[in-house]
């Protein structure tokens, strides 16, 4: 009412009148609850997680834990994690992209699209224990499909051993949430393909193939590979599903962390879990950095 | 390069229940620049897209240089098309965009570069050859799109509201540039717009469309001075709607009696469409009070209110200044008017 | 064939149907198998309703007491997590949006960190933090919500931010202020009603995530729905499957509602 033209306080980009109770430094107080919360439950645990690897139980600095990362069985776990994440990321990306392609041109508020959107959001979250159950019920020892294949078609999928409860078993199970995640992340990019590009390509003499090879594919590439990286990160960091399927052993890195936290540890290597956590974070940071670079490229073109 | 002859014969197109084109007959002479003008939904874009092949027609023929191309897919019709917006390929530079059509025609690399550079030069963007779409302004993007469409020397150039998404000033300079290039190249051109001023300014002939049909086709002057239907009279240029009486082909309006334009209509009460420049301020005539006056650079347009409350727009010389509230007299200059039944 | 299919911008009807049905069938199978499993009678091929009806029998409350308690824990955890989101995250986001726009990138970064630092890594560092929490607030399960608030940050942030971006809060609050509304009024009558969609979406998704959380609860040795399911599955896999299905159904309803919310706003 009266002093609407008071000089703006530092950092005050919106021209809010002086009687604003949140002016100046008082407003910063409003940020403290969140800051404190994030400090306590994110910053500190993360710092602890990545740094305890450098200390022994007694608090002495050591590189033993980190050295332990290069033991054959730990390296094997990293390799398995990589392999599972890479395979499910690539397959998930390809299948997910195909689903997005199949949805091109459907009405955004139509029943098909909204159903698939909702189903994808749910299935992308559907992991851990419940997913493991579902797959055991499907292709487990007495699973619906296992039995059907055995009795009707005569194929015993477990003839070579019970692979569902080992690392290979993670592949189909992880795909179950990787594909929906791809659909969620990649759909905006595919929908962002402007129809004018296809039309312009046609008027310039291009065929359907040249459109996809020369225009759609290059434009979609950053987003596709970005989503692929996200899928990789997602699989790499998954714990619950593997924990539910593989009750014993530490075949992948998250299970290694379980073993390090839960069971007896080697003397001098009590903080193996910290070293493993560090290893995971390094990989995750690298992958997510790649993802953000590719995302930036995508948004630049899709204006 | 001489342009092709283009004919649309009896073209119809429906989208489900809605008939977008109800029988279009249009012949475009080689090198001619035709504007399709009309309100949203009149079918002008559909007609253009039918010519391009991006829409399939239901009945009729589309003939380019004697060949019926209705069954020929878009990529083999040898046309150039400029879209309203967003048509540049985002991952290619300006020159790579322009080269695209040449690449599709298997033109060899050095020749391709050369021709594309020439095309960019023609639209004044040779210095921007390495820029990407997101680094160019709207006007610049459309110029690149124009170069891209023309570099392959197509038989027909199609422009789908290419200026509608641009700022006013850019619109005017770009439309002049388009017209210049088109005249130099002599390419047969079809230009779609909803802006009547734009259509009148650039085209050789203008076809006014309404609800899937062509209401009138003629030179800009013909459309403006002798509109054949009230819709055309109303759509092209500004009109004042004045209650009048029609008797025997003569219209009594505003104290004057003038000829009626267009088809004969039954006698009786009508609404006359009077152009602002056909009304003048005078020492005597119909009394009115000035409401507002707009300075338009080269002329003035003044709104006046008559005693019965009717508002009229009067176009007149700049030197003639009026203030709000001034009492004035207006009279008709005597030009023929279009009428609609009341 | 439509024009867009001819120029390659869209797939043909056949392609569409083939891709979607194959993928659809493959993805429906595990859920159907899980449903079928709940009707199985042991290792015979027979089917029975016993597992379902057994839930309503008199001893159900006693036999499955642990499970029901765990479900209760999960519900409490979900509620507390939503409270944390609404009381700590939401005001902060509004404050940053209106008052500290330059901090938006920082806030966004913080809320994305939990994706890079997954639960299995976070839990390594949570154990020491929680030993302190237990001393201060006791050892009950609800305190896990503090950790859950962090894990839901990326989802809740995105849901609320989408709403903030869509509604021009700054202009609205300035308009309200220019009409002499006090800040409390602005908050209650202008800001919050316009944020309803984002707030509800954030809440629903938080509930869905919390109900499905296993990692932190399991490693920190607390009982929630998922750890209880795993445990019960050893002795009674059918009931475990039934509750897994119900939890999945609840999540589906919640997430469907979020989609609905978005759509209703557009049609209103």
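We call the chains A, B and C, going by the order they appear; numbering starts again at 1 in every chain.
In the analysis below, a residue touches a chain if its C-beta (ideal position, glycine included) is under 8 Å from a C-beta of that chain, and two chains touch if they have at least 3 such contacts.
Everything numeric in this text was worked out from a predicted model, so none of it was measured.
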Between the pairs A-B and A-C, the one where more C-beta pairs touch:
A-C
Farthest from subunit A in C-alpha centre terms, which chain would that be?
B
Whole-Å gap between the CA centroids of subunit B and subunit C
54
Once you find the CA centre of subunit A and the CA centre of subunit B, what distance in Å lies between them?
53
Determine the centre-to-centre distance between subunit A and subunit C, using the mean Cα coordinates as centres, and give it in whole Å.
16
Could you list the positions in subunit A whose residues touch two or more of the other chains?
199, 201-202, 207
Taking each residue of subunit B in turn, which ones touch at least two of the other chains?
54, 73-75
Multi-partner residues in subunit C (2 or more other chains touched) are 6-7
What part of subunit C is in contact with subunit A in the complex they form?
4, 6-11, 15-16, 19-20, 23, 27, 29-34, 36-37, 43, 84, 87-89, 91-92, 95-96, 98-103, 110, 113-129, 146-147, 149-150, 153, 170, 173-174, 177-178, 180, 183, 208-209, 212-215, 218-219, 226-227, 229-230, 233, 237, 240-241, 244, 247-248, 251-252, 255-256, 258-259, 263, 266
Residue positions on subunit A within touch of subunit C in the complex are 1, 4, 11-17, 20-22, 27, 30-31, 33-34, 37-38, 40-42, 44-50, 52, 95, 98-99, 101-105, 109, 112, 114, 117-119, 121-123, 125-131, 133-135, 137-138, 142-145, 176, 179, 193, 195, 198-199, 201-202, 207-209, 211-212, 233, 237-240, 243-244, 254, 257-258, 261-262, 273-274, 276-277, 280-281, 284-285, 288
Touch list for subunit C against partner subunit B, complex
3, 6-7
Subunit B partner, complex, touching residues on subunit A are 194, 196-197, 199-207, 210, 214-215, 218-219, 300-303
With touch defined as at the start, can you tell me which subunit B residues reach subunit A in the complex?
52-54, 73-76, 79-81, 83, 85-91, 100-101, 104-105, 134, 145, 148-149, 152, 158
